[in-house]
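Shared between the two complexes below is chain A, which has chain B as its partner in the first and chain C in the second.
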Partner chain A sequence: MDISPQISKLIQNPVCFLSDSPAAGDGIAISSRIRLARNIEGYPFPGNAPEALKKEIASLVRSAAVKSRMFPARSSYFIFPEELSESELAILVERRLASTGFVKNPQGALLIASRDEKSSIMVNEEDQLRIQCMTPGFDLDSLWEKISGIDDKLNTYLEYACDEKYGFLTSCPSNIGTGLRASVMLHLPGLVATGLINPTLEGINQLHLAVRGLRGEGSKNHGNFFQISNQYTLGITEKEAISALAAAIVKLIDGEKQARERLFESNRNMLFDKVGRAYGTLKYSYHLPLDEAFYALSCIRLGVDMGMFNAIDIATVNRMQIALQPGHLGCQIENFCTSDDCDERRAFLCRTLLKSGIKKG
Partner chain B sequence: MLCDICKKNEATIHIKEMHDNKWTSINLCAECAKKNNLDASPDTPGVDITQMLIGLGKALEAQGKKNIPTHQHSAKPENLPVMSNCPICDWSVADINKNHGKLGCPACYCHFGELLENSIAKIQKGTSHVGKNPLNAPQNEYARFQYTLAILEQTLAKHVAGEQYTEAAKVRDAIAGLKESFAASQREKEESFRQAVIEGRKHARRIEEEDV
Partner chain C sequence: MDISPQISKLIQNPVCFLSDSPAAGDGIAISSRIRLARNIEGYPFPGNAPEALKKEIASLVRSAAVKSRMFPARSSYFIFPEELSESELAILVERRLASTGFVKNPQGALLIASRDEKSSIMVNEEDQLRIQCMTPGFDLDSLWEKISGIDDKLNTYLEYACDEKYGFLTSCPSNIGTGLRASVMLHLPGLVATGLINPTLEGINQLHLAVRGLRGEGSKNHGNFFQISNQYTLGITEKEAISALAAAIVKLIDGEKQARERLFESNRNMLFDKVGRAYGTLKYSYHLPLDEAFYALSCIRLGVDMGMFNAIDIATVNRMQIALQPGHLGCQIENFCTSDDCDERRAFLCRTLLKSGIKKG
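This part shows the complex of A and B:
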């Protein structure tokens, strides 16, 4: 398969939102992300803009991104989704640089990303600009400082559509005001195993926070990953929205820790059994569907977090987490695995990675 | 006021929608609203405007429009055409429904203001922005200018067609005044925007020097 130069450069690096250091967020808060929705005054929203106008907007944003020095031309990615194949687009989604909605409408769209992938702009998604910053672990405050700085610099070159009453105007009224959506991705296998997840998530909904799957809006629960984000954008300041979310995340992390302790104390054999079977699944399977692989990997991640393995480290788990998804899977093991079947290739990859990732002793 | 559907209970939910250039209003009790998926309250998180609009459409369809009191909205100035499409981007209520509650352009917030206000209040924490403001003035000035101009031009065309030349002259003057005041405010804005750009460049130079 031919891969575009920018995509092949991307996949050589580990993703920016998974930390290989065991200390980051106790392994429960996997990553934090903030995005801002912005539009340029005098232009229709992308859903109502012809392709030519979208291209004009993309060129305006590109020029502002470069001139503001937030995304220098030589050290940033400027990717046009319409030039990419389906599996290359899948890679962007899997690396969380693009949303599924963005890659479904590639005409006139542009993705601008810093070399480390931690800051990026989707141009002509639902809004003309979706600026986002990501980091591993749980750190919303410094993310806010960073993204607000990028936003101000871009605003020096782009005049944003805004309104005295409604603040930043967005295509969907659910984003008007601050246009801010902050989210934290949590790995909650303890709460799922103890059956406490549903009441917990109901409680989260009561706090006017939204719960989504691994890939944000519209995605389902994959491998015990949950994304918690703020729902309100109008009548609330950015800092209030972020601290309300942060307070809930602290409680969820605490709840997950307690659930894990309870499992370890009262149901240790069941826990070991789950983790052991998951290890067996990944190491010895010859046909591995994505959902099954994600579930098994979640159990392994739990085992690693709880110090149950001395043979596998979190870096291997992170590597597998990304590599076994369809887009990355298609690009990485072409030379080694001849099977056309995605599930067989995934099984092959897991066997290979587990063999190479095991530490001595 | 009694519920338009059951005609028994007190109506506690009041919803308006544009149909064939006329405002249609529907007043429902909590029970009938729930039956028609229109029971969004501020305590119900994640309520989608689209769902509410679709729900409203269904409720109107089910009941037959003739049963529901319809009246021309008197709050709108007489000469302003009450139309379902945004005069700037031609987006209609049907487009909002079809596109899951999304609007066509910033001016749609002026045009569909009345329609959106209640729904926004239901899905958001407040009704006005309290967060950070952009560097440009926090007013949807350009969209408002375009919107008002489009409305005035439509009124002018109507007067000319009806040979009401005195009225037409008044509207023509209003258009000239509007353009002039917008141009003046743009000049002022451009100046402050230019200053901001200069500041930005200075900052960029500073970064460059630091890099060296």
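This part shows the complex of A and C:
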């Protein structure tokens, strides 16, 4: 498969949102992200803009990104989704640089990203600009400082569509006001295993926070990852929204810690069994669906976090978590696994990464 | 746990019905067995005999067994089930020296067995004598010669209850005549995996043969083992019954071979997946129910038979198959695994035998 040079460069690096050393929150809070929705005064929302106009918008944003020195031309990615294959688009989603909505409508779209992938802009997603900053662990405050700085710099080159009363104008009314969506990705296997996850998440909904799966809106529980984000953008400042989210995250981390302790005290053998079987599955299977792989990796991550397992480290778990997803899988093993079956290739890659397998000869 | 000296000696040896080298029938026909039901003229069937009379019968049989030199006193087991614990009784069943019915009614019962366990007599099971010969692989003819010889020798010391017209008299009418039950234990994972097992077994029933699981009457499919035996004992000679059974076994072995070839041709990756996952389960689980262990061992056995797997050999598979059963499990690891949970102890023993596991420190 021909891979575009920029994508080829991307997949050589680890993703920016998984830390290979224990992150803040004892490995429970995996990563934090803030997105800002912005639009340029005088231009229609992407949904109402013909392709030519979207290209003009993309050009304006690119120019602002470079001139502001937030995304220097020589050290940033400028990726045009319409030039990419489905596999390459999937890679952008798997690296959390692009939303599924963004890659589904690639005409006139542009993705701008820093080399470390921690800062990026989706241009012509639902809004003209979706500025994003990501970091491993739980650190919304510095993330807010950072994205706020980028936003201000871009604003000196782009006049944002803004209403004095409501705030920033956005394509979907749910984002009007701050245009801010802050989220924290949590790994909650303890709450899932103790059956406390549903009441806990219901409590989260009552705090006007949203819960999503690994892949964002509409995605389900993959590998016990849950993304918690603010729902309100109107009548609330950015800092208020972030503090409310942060307070809930602290409680969730605490709940997960307690659940893990309870599991360890009451049934540690069940935990060892989960972790051991997961390791056996990754090491020896020859047909491995994505959900099963993610579940197994979640068990291993839990085992490593709890000091129960050291046959592989978190860096390997992180690497596998990304590499086993369809886009990365397609681009990485094309040349050395001839099977057409994605689940067989995933199992092959797993065995290769764990240097194992049972096949003779 | 105190173990009686004879049981202690038994469990040090491999069982006689599993061969560590590929048996006749390419490892599909695991073992053959013939049992003869006999009763002594002038004595009631055990079901109608008071304990004192059963003891008298046991004494008579023991004396005949020794005097006939079929079971020399110094080199045979003479085991009184009523002196044994439940675990020890289970061991006798797991080694196929005793039926479940035999160990459920231990009063006045006696088990006589050769050191190699290939010849034995249950005294005061349903009938006064159930003479048994077992061998690994598929070899009913030499088994018949052997048991027939033992039967004749015993007969010189014991007068069997016999009717001129019907033949040997037995407690249950279903055994009257020859009193012979010949059976072959088959490992049929290919027929199970291809879904052909049910029509195949229905065909077997139409040949007036009986199909049972690993543990005999009433037992279910454990680890894809099926015991095929003759049903008729009346109006048919021993050799006719044995030939009819042997002919069916030849066909079943052939059907299983074809099923394995078909699986290998059409979906060998699925086979590797089954074998690999089974190995992972045995190697890394911490809670392992018996059925799951047997299923995993069946997959491994299939993998070894088909030359797909060589991380462990058939000798280890055989050893595990016996050691993981409740009786053997109870007597073997009492001293070095403190868990009360049988499934945890089974998993512990598995990991120990495979020198693996994930536990830290």
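Note that in this section the second predicted complex is superposed on the first by the 353 of 361 C-alpha atoms of A that agree within 3 Å, B and C clash if a C-alpha of one lies under 4 Å from a C-alpha of the other, contacts with A are read in each partner's own complex, and residues count from 1 in each chain.
Keep this in mind: contacts are C-beta pairs under 8 Å (C-beta built on N, C-alpha and C of every residue); 3 or more make two chains touch, one makes a residue touch a chain.
Because the structure is predicted, anything quoted here is derived from the model rather than measured.
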| item | value |
| --- | --- |
| First (chain B), second (chain C), both or neither touched by A:S68 | first |
| First (chain B), second (chain C), both or neither touched by A:L97 | neither |
| Chain B versus chain C as contact partner of A:E159, first or second or both or neither | first |
| Broader residue contact with chain A after superposition on the shared chain, chain B or chain C | B |
| A:V304 touches, of chain B and chain C: first, second, both or neither? | neither |
| Partner chain in contact with A:I11 - chain B first, chain C second, else both or neither | neither |
| Partner chain in contact with A:H287 - chain B first, chain C second, else both or neither | second |
| Complex contacts: residues of chain C adjacent to chain A | 269-270, 272-273, 275-277, 279-281, 283-287, 303, 307-311, 339, 341, 344, 347, 357-360 |
| Touching residues (chain side chain B, partner chain A) in the complex | 45-46, 48-49, 88-89, 91, 95, 99-106, 109, 116, 119-120, 123-136, 138-140, 142-143, 193, 196-197, 199-200, 204, 207 |
| Chain A - residues contacting chain B, complex | 39, 41-45, 47-48, 67-69, 126, 148, 152-153, 155-157, 159-169, 171-174, 176-178, 180, 205-206, 208, 210, 231-238 |
